[in-house]
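Across the two complexes that follow, subunit A remains constant while its partner is subunit B and subsequently subunit C.
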Partner chain A sequence: MSFAVATSLDDALAAMAAGARPIAGGTDLVVGSRQGKGALPDAIIAIDRLPELAAIEVGDDVTRIGAGVTHATLMTDATVVDQFSSIADAAALVGSPATRNVGTLGGNVMNGSPAMDTGAPLVVLGAEAELRSVDATRSVSLDELWTGPGSTSANADELCTALLIPNRPAASGSAYVRLEYRRAMEIAVVGAAAAVTLDGDTVSTVRVALTAVAPTILEVTGLDAVVGSTIDDAAVAAATAASEQATPISDLRASDAYRRHTIGVMARRAVDAAARRAMGETIAVPVNRALGVGAVA
Partner chain B sequence: MAITDLPTFVRADGPDKVTGSGRYTADMTLTGMLAAKFRYAGVSHARITKLDVSAAKAIPGVFAVITADDVPDVRYSYGIADRTLFAKGVVRYDGEVLAAVAAISPEVAQRAVDAIVVEYDELPIVTDLEAAVADDSPLVHDDLDGYAITGDTPHHGNVGTHSSIEMGDPDAAMAAAHTVVSSRFVADASHAVPIEPRAVIAQWEGDKVTIWTSTQVPFDARNGVCETLEMPTTKVRVIVPHVGGGFGGKCGPHYEPHIAALARAAKRPCKLVFSRWEEFTAPDRRREGMIVDVTTGLDAEGNIVARTGELLLDNGAYMADSSFFAQAAAMHVAGPYTIPNVRIDAQLVYTNHQPSGSVRAPTAPQGCWAVESHTDELAAAIGMDPLDFRRRNIVRTGDVGPTGQTYEEIGLDRCLDMAAESAGWGTTELPDDEAFGISIGWWPSFHMPAGAYMKMHADGKVQVITGANECGTGSVMTLRMLAADELGLDQTDVELVYQDTAAAPDGPGASGSMTLFNHGRAVEKAAKEIAGQLRELAATKLEASAADIVLADGAASVAGTPTKSVPIVELAEAAAEGELLLGSGSTDELEWPEIKGSSCLGEQGFSSFMAPQFICHVARVRLDKDTGVARVLEVHAVHDSGTILNPVAAHGQVEGGILMGIGQALTEGTQYDETGSQRNAALLEYKLQTIADAPEIHTQFVEIHTPNAGPKGAKGLAEAPNVPTAGAISNAIAALIGRPVRQLPMTAERVWSTIAEEVTA
Partner chain C sequence: MSTDINAIELTVNGVPYPVAIDTSRNLSGVLRNEIGLTGTKEGCDDCECGACMVLLDGQPINSCSYLAVQAQGREITTVEGLADGDELHPLQRNILATGGVQCGFCTPGMLMSAQALLDRNPDPSLEDIKIGLSGNLCRCTGYARILAAVDATAVELRGTSDS
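For the complex of A and B:
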């Protein structure tokens, strides 16, 4: 087994072209290996110290969040908190302070777990993943990226270098809420993100995506019908659609029936919190604590 | 009292632990040391038809592979000697050890473990408690009577011990009762989950073995080695480095004999370090699952006139230290109430689950949760406030309890009043999604022999050589304080020499809330001996009577004449050149309280409570009714544990016990598949509470000078805080949703399901 520390992004891409797998925080890779989920790769290239991956750059139309940005940064960075609040909500709920200080956005996305917290926020914000190899750079939609639990469509030599998120219009807000049985060291039982744009008192756009109720992060469809309706009506419609469209499993954490019920509750609360933010209300990150959802405050 | 107001106590092991300079067993390395690993049964019930370790032994780097064939043929355990070190003939739970491997590295050891060939004939798996006690159930042990059985241990079929409490005429009283309520509650098993998975190192020199191990009770570990490897006490030395928590899970012998035998076979020191999965699945320490059926009759005024109960407890595959569990559980389901007519039958049932063993206040959190939830149902049935109902029915000083014990000075009534007042019961306005719940409980103190040695050196410093064990129990603080107090010294003048069976007199270590109660009494006696010697020396020097010498503030002075004084260090200096200052002490036997008018079958020492501790907890709970997620906002805890000598440690015990109780109430439950294997043997899926979940905890103590108790009237305190918390939370949830959640832990999904039943009903 070999372990090398990349000194530059090119260095990392070359190592991956030669068969190495990347490690950033290692919060999935190392823990999974110790729990027997899979052996560590034969060759590992550490990318956690690359400044190229650690920047948050606000462009004219798109904000580029480096794949190496940690959850601890996401939950406190002013741009993320103000503009992409749902990502900050999600990052703040990941694991513990130790996990958040080393775990990264790119790692969360590329691990491909349907229980990932940052996934649903990225979907409702319309994010794309930037994948780079020695030869090429491409952007893929998340829908295209995630192909199943723990699997992505990225090639073995491609590194996720950033998430590209369209800048938000005025009068919009987003939020992520999740069901949790305790307030730290927790994984999503179910979770929901919503992004809402308002036109006065009515909803002009709404997107909702769901955590841990399908093989991949699931975007709720058919919400076009709520355009023009009140926030309350939109929230109820989102809840109903979420419960209907979810295909949850029964496992150690919850039964399918309980997940189907609570995903509706989470969707309703996510739409409500996103809309309140769109109206200019400041709801502190994470919304789970501020509003007392999930493990009540 | 705020923590900042408390007197300063020095936690002597604190700096080592927080700076990382302290050493735990897993941190140690010996020259030539090998890695030990176990091969586990992997199935819950089967007859072994083939066990072949030849391929494992042939792997380069493997030094030894041992099985039942390589150790003495000894069956052991408390109550019923039903087990062997390594599986012999039949495996009865999936974490049972088949073989141990010693190899040059953990990786090679694991390869050897995987190379061991085992073949089985499967046997029927017994996991359901009610099916297990049916006449036609397959048996976990074919022939219990073939084992050595000690004590009053009635047994039959899959029932390991049957215990009953009977007083008065419960049938007649129930028939005549004004109101009768029957309830059923089911508690899942749970785990102690010490943050340090256990570790054992053994090293032989000639015919002597030294074992370093993360045990709570070094003498249990030593005795286990002596019994199973047939060795004299003098040839086995157990040393305990720092222990990363135990919560009962590290009481008793565990793998010390296995590793000692392995190191002997390998002719090298061997080290075992458990993974978290092993820590969950292998040891004989699990909080037992329990089914409680309880019926209570009330008279027209709301007085309890009769109680009957049927209890089934999941013992798992073997007796660990569990033979008393049936009787202990029966006492908790009786509860600290005045009940003239009682019959409670409790059966400890063998299954093909991991064995149950003492976890902090064994049987009490579940039994208390069931009976206190039932108590609120009783109060509701007659429209009485739960606090008033308890005030009417609890035991008070001079009352007779449910087995006929008459209580001397006790403070349960004050616990109840003070907890209610602290919470603002009946006066605090709560939002619609919040409620208070109240619960009371009890737990005995235990007498066991313990000893202490003590020496004062020429510099006036004192070493206390004690069999006490520090796993958060506070012995590093309180035992020093007791010695310093007798000798007129500061705590910092006193150091403990502890956790070494070759050095210290025997004792119960950190088990059964016994550190202060027993080791403390021994330390007091040893210190009194040296104090007497100091008084004699001072009397000669000061030309006074020894009886008039007062030891305080580092000096020996003549009472009433403070100018006639000599520093203790001067006396110590002189003694070092003459007769050395040495002390020793052993606990005096305490009188066990007698019981009258009851019959107790399966007597295992729990029918009367010595120096009983009483508790009342009031929990303030907020419930998210849409999801069933409950959050405990406040716990108001009032304890009668006698005199509190060390408030810092006492508050710590209560707060830790409550947090553990919240976990057991809401999130901590062991889940099994249909083959009897644990499904959530990992920290992500077995959900402990975190510090982020901790509520505000308001703790008070009712300090009554208790006769027949520990040093200065102190009782135990380590287990009691874990007893009533789940009951208080249960009653708060029931107040919010109209009925109790009948299964423990009361997970969010179970709360949600209970709400849904209410809606359907």
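For the complex of A and C:
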């Protein structure tokens, strides 16, 4: 295996054009190889020292979160915690402090696991992934990006350089909750993210996306019907739709029936927490700990 | 599998060590076998148990699942870097005093996570300590005495710095 440290983004893109695979924290790539899921690539280019990938930039309409931003930063950065709370909720649940120190947003997204914690929040916030190669830069919706468990539509020479997230309107909030059996080094049994905008006491927009109940992160459809309803009614409708639309598998972690039931519970709690944040209530990151969702100490 | 050998230098506990290693080697293996610092343990070898925890530029990482070549140019701290000569670090002294060591296999990793926690949060709550150590498994102690040792160390170090 050949290994090199990229000294610039152009350097990294040139290496990828020549066939190298990128490594940031290695918390999927190296762990996967040690678990026997696949050999390490023949050529690796380290991208963890590139400041271009580690910035969070708030623009007029869009906030750009660099793909190299770590989970430890996402869960504490003031912009992410205040404006994109569901991403902070999710990042705070990933792995352990060691995982969060080196694991990155871009790595989580491009690993393409249907159980990724940051995926559902990014979907409900309407994020797009910025993919760059030597010759081109393009943005793709996450729906286009994720094509199946562990697979994306990105070309081999494309590096995810950032996630682009529309800035939030007033009176909006988002939250991510996860069913888990333990509080660290855990993979979501199921999880749900919600983004809610309120008009007084009623819901004006709601998006819900689901973790670990389909081959990719799944956005719940048909929620337009709850516009104008109360928060409670919207939460119940989201729960029902989530359980209906989920296509979970049975594995050693949970049965399909258990996942189908609990995804509704998670969707309801996510909508409720997002709406409370939209009303201005401070619910600390992560919602799982603040509201006692998931595993207790 | 190619066997590209890289001649690199790793800085461990402030000491530079030149090593020639296959690029696919993990950091814990190089620390133990090439550099000879066997305090760092390999437990699960799967990023689950935290026995291999070391600090990289002051932050905890699972060294079993971190490429050694990727640590070049960074400061690596292992459990051997805690003591000052023959004088144990307060974390080491307190974990012995509270009975937080039984088989001892998890202890180096626990100490490194605790050190990273106290470096960034000198006054942790019990919840903060649990989160700080949440990547470290212990199959002997039931954790209570380890948590007590970290708490006692925080109190002790605050007392020192306040005086």
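Basically, the second predicted complex is superposed on the first by the 295 of 297 C-alpha atoms of A that agree within 3 Å, B and C clash if a C-alpha of one lies under 4 Å from a C-alpha of the other, contacts with A are read in each partner's own complex, and residues count from 1 in each chain.
As a working rule, contacts are C-beta pairs under 8 Å (C-beta built on N, C-alpha and C of every residue); 3 or more make two chains touch, one makes a residue touch a chain.
Predicted model only: the values in this text are computed from it and were never measured.
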Quick check for you: in the superposed arrangement, does A:A39 touch first (subunit B), second (subunit C), both or neither? second
Classify the contacts of A:H261 with the two partner chains as first (subunit B alone), second (subunit C alone), both, or neither. first
Per the contact definition in the header, classify A:D48: touching subunit B only (first), subunit C only (second), both, or neither. second
Kindly classify A:A290 by the partners it touches after superposition: subunit B alone (first), subunit C alone (second), both, or neither? neither
Does subunit B (first) or subunit C (second) touch A:T27, or do both, or does neither? second
After the superposition on A, what does A:R253 contact: first (subunit B), second (subunit C), both or neither? first
Tell me which partner A:M279 touches in the superposition: subunit B (first), subunit C (second), both or neither. neither
Name the contact category of A:A184: first (subunit B only), second (subunit C only), both, or neither. both
Where does A:V62 make contact in the superposed view: on subunit B (first), on subunit C (second), on both, or on neither? neither
Which residues of subunit A are in contact with subunit B in one complex and with subunit C in the other? 35, 96, 183-185, 297
As the complex stands, subunit C meets subunit A at residues 1-2, 4, 6, 22-24, 26, 45-48, 50, 53, 56, 59-62, 64-67, 69-70, 72, 113, 116-117, 127, 130-132, 134-136
Given the complex with subunit A, which residues does subunit B contribute to the contact? 433, 622-624, 626-627, 629-631, 666-667, 671, 679-680, 682-685, 687-693, 747-749, 752-753
Subunit B-touching residues of subunit A, taken from the complex the two chains share: 35, 96, 179-187, 252-255, 258, 261-262, 265, 292-297
Of all residues in subunit A, which touch subunit C in the complex? 1-3, 5, 23, 26-27, 30-31, 33-35, 39-40, 42, 44, 46, 48, 72, 95-99, 101-102, 183-185, 297
